[in-house]
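So that you can tell them apart, the chains are marked A, B, C and D in the order they are listed, and the count of residues begins at 1 in each.
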Amino acid sequence: MSQKPHIDRESGRHLFKQMLRIRRFEAKCAELYQAQKIRGFLHLYDGEEAVALGVMQALEDRDAVVATYRDHGHAIARGLPMATLMAEMYGKMEGCSRGRGGSMHFFDRARRFYGGNAIVGGGLPLAIGIAMADKQLRPGAVTACFFGEGAAGEGAFHESINLAELWDLPVLFVCENNLYAMGMPLELAEAETNISRKAAAYRTPNEAVDGMNPIAVEAAARRAVDSIRGGNGPYFLECRTYRFRAHSMFDAQLYRTREEIELWKERDPLPRMQKWLEETHMLSPQELRGIEADVEAEIGKAVAFAEQGQWEKIEELERFVLVDEVPE
Amino acid sequence: MPSLGADMESGRLVQWLVKPGSVVKKGDVVAVVETHKGAFEIEIFEEGVVSELCAKEGEELPVGAPLARLTRPGEQSVPKAPKAAPEAIPVSVPLAVEVGRAPGTQAAPLASFVQPSSRPRASPAARRRAGELGIDLNTLKGTGFDGSVTLADVELAAAGGAPPKDPSSAAAPATRRRGFDPNEMRLAIAAAMSRSKREIPHYYLASTIDMSRPLAWLESFNRQRKPEERLLPAALLLKATALALREYPQLNGFWEDGRFRPADGVHIGWAISLRGGGLIAPAIHEVDKHSLQSLMGALRDLVGRARSGGIRGSEMMDPTFTVTSVGDRGAESVLGVIYPPQVAIMGFGRVIERPWIVDGQVTARSLIIASLAADHRASDGHLGGLFLSAVDRFLQEPEGL
Amino acid sequence: MKELAANASTNRMTYREACRQAIREALIDDPRTLLMGEDVGLYGGCYAVSKGLLAEFGPQRIRDTPLAEATFVGAGIGAAMAGLRPIVEIMTCNFSLLALDQIMNNAATIPHMSGGQFAVPLVIRMATGAGRQLAAQHSHSLEGWFAHIPGLKVLAPGTIEDARFMLKAALADPNPVIIFEHIVLYNAEGDLDPDVTSVDIAKARIRRHGRDISILTYGNSLPKSLAAAEVLAAEGIEAEVVDLRVLRPLDNATLFESVARTRRCIVVDEGWKSGSISAEIAARLSEDQFFELDAPIRRICSREIPVPYAAHMEEAALPQTPQIVDAARSLVKPR
Amino acid sequence: MTEAEVRQLVCDILSDIAPETDPAMLSGGRDIREGLDIDSMDFLNFIIAMSKRAGVAIPEEDYPKLFTIDGVVAYLTSSVQPQGTRSS
């Protein structure tokens, strides 16, 4: 169990840069939301970046991803271009869902990204089906299914883990346990607050991991994926994490204290990673500035791309309600 | 007792079509009143429940005398209302179509949600077809669902074969008369025309209009069409007059209280002479807005109803101008007498064939003499002349009518 | 080895057998197809539609699921998105409510919301309707509810032929298709035209021609309407019976053409009247065909009650032939 | 259509158009427009009804042939015969 991943200069800086991309991208989203460029619900991932990133590190192109409505981090870590994500939030045709989904519904067929799903627990059954298909059509492929701890209250959570285990399906269940289902604290919602134990009840291999540490998450995810690819059926990974920002943009956070947030911020993966890289001389101040400049430039381009994007014609409103063929 | 004309002083209630407890809506026909001009259906302009019938059938009453009392929606019924009223309210039975329906004909049970309606009950298909043909649904007896007029009823009527709504059917007492009493009418015409000649300083103008072009157009128009779609010259004359009136609104209106009041629409009274003597001039509404074909339909309908006595009181009250046309067997010209309080009347003579000079050549042409009699208090001869020219101008472009 | 020869020689079969043959054919034709649902395997299907298929196709193709409608329907959706062509059976449509979230929020939504990147070529079969004394929780007709949802196609086979061939067309369709099989029809028996090997899932069908009134119906109300037409014919009223077949998208053209011709119409629908497919049809007719109508549109629907158990009560709750006859009479020959 | 049927039809239609009159009293050669005081509008209604009920097309130029009942009889018995009645 102690297969500590080897972090070299390159992979360390890669992890840091990816988390920074997510963090800075979302800071921009918050700004653009207040400037009314982005509308609808906007759920930010600040604090949880290590989860998406660590899991995606363990996945391959052939694998599938089912995300939640807090899907910016999943999409960026999965490699969806920032520009198409920003365009999506602008509601532009160049967006990754043609401007039809917005922040909560990023889709990308090419990257097997099966959508941000805005029904809590709604993505788990989909993951079961994708894994069924993969088992027959793409042996070895894994479906990573993200959901929050709030999903544990839904019947679909239990039904899905049971079915995956029952049918030996290649599903990686990733529970992003950030302690609050919107404003509902875990201990007020669940009689058993140890989520991974629920998976154990279905005999599914499971593990709880520090979701504030990308290296730990990646290590756990690799163990999980190896197990799944080894034909051992599903795997349940509980990542204990915390979101620093409110649930969505319009949330007064009455349900938790500032002190609690500050306490968790001490475990913020970004400064910790940066500090560690600097201390181990894997990141010079100049390199840091370079990374930051790269990220800012990428975000700038994404915003410009979104600004220049086209609005879908209203005549297209009914297009794809029914489709003419199954896309290949 | 409503006033149906300036010259009406009293009327005799012939028949009640409602009874205490009847629910009535604006536009419902509630009674038949006989006047010196004949029998008229009396419409109601309020809604509510009839609480008391003040007049008895056969009673003669002065204009203004109450015929019935009405309780408005939400009001308490007056104490005199018969006790049986509540269960007598036939919510599912529209008052307007009760006429002509056999007693005991029951509304089908499915119809229980149908609200009373002032309109004749007719299916949408029938309504559309009747509109196209210019047939008044009031004149038809429905054979369809819940006594409604169906498409087949309309088409049968258009073919001339429909039994019109029969006033002497079992539902209506035999005493009810729908025709015009020639003696009464003579008196009415005498009163109105005397008043006209006494009060109105008429001036008269006449122009001869070359009808060759409009008639040729009419012939080719009619050639491609079935009889029921064909036009008569009257439709052209009427429409041209209406369009000219739009240009000269000073002739379209009323002289009242010492001043001219323009009308708010071009509602032309069309003079219809009745067999056995007499004349009525009920209104065709918004003539300027009709197409020629719908105007033709309206004309046919109006003449048909004038023959059968189905003219509504309001139609007699509405004209804002009158046209009299002698038709194809009349005199060469006619100079009308204005129907007060209107301020003008247009007269068209018979179409005559006469030598006429066109481009310096004498040729045979079809001519019509158009005349205008107008109230000199409201307008002057110059304007009248311009109006006649306008009528001519519109007639020369029949395709634009 | 797996051939349709077993029953191909005889053209007479029950609706149930037709459904089974349709599934067999699909499983033989396409290795991506599987049947999944509660008791479809060992038990042979609640209504015995899939009896014998487990033995023939094995547990990978005939999958018994736990009692977890949300998940096995959702799994069908995911599997369809990822390349399979699943047939999901929901035992009876009342259980479909447990899967409604998946059907509405995922199956019907994702193709459009993903900008056309993903399709959901899934078929969901469910048993529907009343008439077997199954009481209030097993006697629903929820076709109208599903027909409300953009992104779905909703089919209602009312004949042996449609039961036999609609599935093939549904599986060939790239969209999620729901097939409602009426429980009373499963035992209905009829002859298949040997020349017919497929049906469309786009058009309504005129099952009986007539000039006086159009009876628009589907499912188990179809035989009731045809019976009513027989009675009416004896009285000189020629009723046209139109089988809707496809409840979403509705085939306006066929319905409008029929009603514009007969000018009178009755909609017979086993669903409740309020907010039903019959309401939708009546509304469309009055919106678009108002001036063609020669009589008010009538609807014969189930009484607005939870369907009771006792036979006489259940019968009284459902549309029946005499009501259709009476309504037609009142519209065509009012006196 | 027999002559008697045509005469009956003409009388029926005229009775509808001019209810106050008795067309049966009219001699066959009399101009019905004068005899019954029929104006052009009434006459058109007469043509419409005649055309529909006898199922014949009556072009406008034929109107003068229909000014008398005898004329109508001659017109219809000749034109109806080859054309046949229109079934509804």
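Everything that follows uses one rule, which is that a residue touches a chain if its C-beta (ideal position, glycine included) is under 8 Å from a C-beta of that chain, and two chains touch if they have at least 3 such contacts.
Values in this document were obtained by computation on a predicted structure and should not be read as measured data.
The greatest centre-to-centre gap from subunit B, using C-alpha centroids, is found for A. Remark: the per-chain Cα centre closest to the mean position of all protein Cα atoms belongs to C. Averaging C-alpha coordinates per chain places the centre of subunit C 58 Å away from that of subunit D.
Each chain gets a centre from the mean of its Cα atoms; for subunit A and subunit B, those two points are 78 Å apart. Averaged C-alpha coordinates give centres for subunit B and subunit D that are 27 Å from one another. One simple way to say how far apart two chains are is to compare their mean CA positions; for subunit A and subunit D this gives 89 Å. Shared interface positions of subunit D, i.e. residues touching 2 or more other chains, are not present. If touching chains are joined by edges, the resulting network of the protein chains shown is an open path.
Every pair of chains in contact is given here: A-C, B-C, B-D.
Against subunit B, in their complex, subunit C makes its touches with residues 263, 290-296, 298, 327, 330-331, 334-335. Subunit B meets subunit C in the complex at residues 105, 108, 110, 123-128, 143-148, 150-152. If you check the complex, the residues on subunit A that touch subunit C are 64, 66, 95-101, 105, 107-109, 114-115, 117-119, 122, 124-134, 136-137, 155-156, 159-160, 162-163, 166-167, 319-327.
Here subunit C touches subunit A in the complex through residues 32, 60, 63, 65-66, 68, 70-84, 86, 101-102, 105-106, 110-119, 121, 150-151, 153, 174-175, 249, going by the rule given at the top. Across the interface of their complex, subunit B is touched by residues 13, 16-21, 33-34, 36-37, 39-42, 44-45, 47-53, 57-60 of subunit D.
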